[in-house]
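Pasting the structures here.
Here come two complexes built around chain A, the first alongside chain B, the second alongside chain C.
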Partner chain A sequence: MKTSEILKSMCKVLFPFVSMFGLYVIINGHISPGGGFQGGAILATAILITYIIELDIVENLTLLIRIEKYAFLTIILIGGISLFTRGEFFTNFIPIGSSIVYKRIFLIALNFFIGIKVATGLITIISTFIEEGE
Partner chain B sequence: MIRKVVILSMLLLILILFMLTIEDININTSARDYLFENGFRETGSNNLVTAIYLDYRLYDSIYEAGILLVTVSGIIFMSKKDDDVL
Partner chain C sequence: MNTIIFLQTLLIIVALTVTFLKDNFRMVIFFSVFSLICSSLYFFYMAPDLALAEVTIGSAIVPLIFIIAISKQRGFVIINDLEKDDDFLSKESEKGIGYKLLSEFAELYKLNLVIEDYEDEDDTIFGVFRVRNVDLFVSKKHGKYLLEGKSTNIIMNKLAQMAKDYPEIDVVFVAEEETDD
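Take a look at the complex of A and B:
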């Protein structure tokens, strides 16, 4: 597939902004609209832009699958900590009477791991489809 | 031409029926009021959507992430050749 020079140059300008916006949406998921799922989809779009620039796909799918597996296990573990601190599964592990600032640690951490998981999953799907199409 | 007219009239009928039913529904807003008053204090999140999917309903969110994992493994399994399976 041939891509035009104008499209390549515009994508080179656009790539850092898209990836920065994805990270912003993930980290600020508890303040502004957005969150882990949406930010991960934006990050996967940034990787799709690199395909237009270089015509090179991500080859190492095994590493991506491994990262996604470990991110999913980390999400379950962070959710399970609340069994010891609050006595019930899958809720905030900071005690219920503490300050709002400490409760936000849980939200930021979980948004971050969900973002990594969704981004790696969508990158794997995109790379597989591009590889099949060639 | 006749098909387009039929489809348009059906869409208009659906729209009118939706508008009629929405007027009749007596919506119970107790859950919304509870979240609006206590959501920020209990979870520390300004965004109430995040407060629901990361604190009140985290169980649902974890299985949503699991569905994505299953989807990715299924797509890779179908696209791989016979000689190299992950």
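Take a look at the complex of A and C:
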């Protein structure tokens, strides 16, 4: 199938902006609308848009799946730190009395890893779907 | 307030359009328009978080899945279980009568031929998700070529009719569950 030149160049122009917006939504998830899931979905969209113009960008699916697994383990580990510092599972591991500047580290870290997990998961699902009937 | 009423009316019109359209590709585009209007409505109802999720999932990822599924519909998957040096399904040589017949057949229905070799062990990562939709299974028994297809597949009747001109080809119908999916 022949792809039109307009579509190709628009995809190339859009790609950096969409991925930057995805990262912005992930990192500002604790003070603005959005967060890990929404930002991860935007990141995945940025990569999947390029599927329209070129079909085999993702070559190493196993690596993607491995990254997703490690991101999932890291989320559980970050949740587990609070078990040692405050004696409770999956809450903020920084003590209650400290300043809000340090408290937000927990949210930023969780949002970041959730974003990675969602992005790699969505890319894996759709790449598998494309690969399926061939 | 006027904007919300306008968007709601537009949403109803687009939803009815999606329901009654016959063309699949246009339906997908209207579906993503539906998601865009829906997400702006979420924004006006003070849910910007949901609006962000809706605009990415509804107007980019779901249409992409639908487009891939529609373009996959046109394939006619053939599994090749012949010997390596058998040129029944080869494109180049004069003896490839099977390929000639099948390409004629595919041209009739505007399908793409997808020919794959038969594999016993499928240890790639894609095998986990796989219930494959195989349309035809080619093998050789007692000097005759067997083309096995599902009896529920309507266009198989036409293939059987076309294969009558070739004495060395047998078209066999099998029930839905018995094929090597």
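Keep in mind that, in the parts below, the second predicted complex is superposed on the first by the 130 of 134 C-alpha atoms of A that agree within 3 Å, B and C clash if a C-alpha of one lies under 4 Å from a C-alpha of the other, contacts with A are read in each partner's own complex, and residues count from 1 in each chain.
Going forward, contacts are C-beta pairs under 8 Å (C-beta built on N, C-alpha and C of every residue); 3 or more make two chains touch, one makes a residue touch a chain.
What you see is a predicted model, and the numbers here were worked out from it, not measured in a lab.
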Which superposed partner A:Ile65 touches (first chain B, second chain C, both, neither): both
Chain A residues touched by each partner, larger count belonging to chain B or chain C: B
Which superposed partner A:Ile100 touches (first chain B, second chain C, both, neither): first
First (chain B), second (chain C), both or neither touched by A:Gly35: both
First (chain B), second (chain C), both or neither touched by A:Ile126: second
Touching partner for A:Ile75 - first (chain B), second (chain C), both, neither: first
Partner chain(s) touched by A:Lys117 [first = chain B, second = chain C, both, neither]: first
Touching partner for A:Phe90 - first (chain B), second (chain C), both, neither: first
Common ground on chain A, meaning residues reached by chain C in one complex and by chain B in the other: 33-35, 37, 61-62, 65, 128, 131-132
Complex contact set, residues of chain C against chain A: 48-49, 51-53, 56-57, 60-61, 64-65, 68-69, 72, 75, 77, 114, 125-126, 129-130, 132-133
Of all residues in chain A, those that touch chain C in their complex: 25, 33-35, 37-38, 41-42, 44-45, 48-49, 51-52, 61-62, 65, 122, 126, 128-134
Contact set on chain B toward chain A in their complex: 40-47, 49-51, 53-56, 58-59, 61-62, 64-66, 68-69, 71-73, 75-76, 79, 86
For the chain A and chain B complex, residues of the former touching the latter: 29-35, 37, 61-62, 65, 68-69, 72, 75-76, 79, 89-92, 96, 100-104, 106-107, 110-111, 114, 117-118, 121, 124-125, 128, 131-132
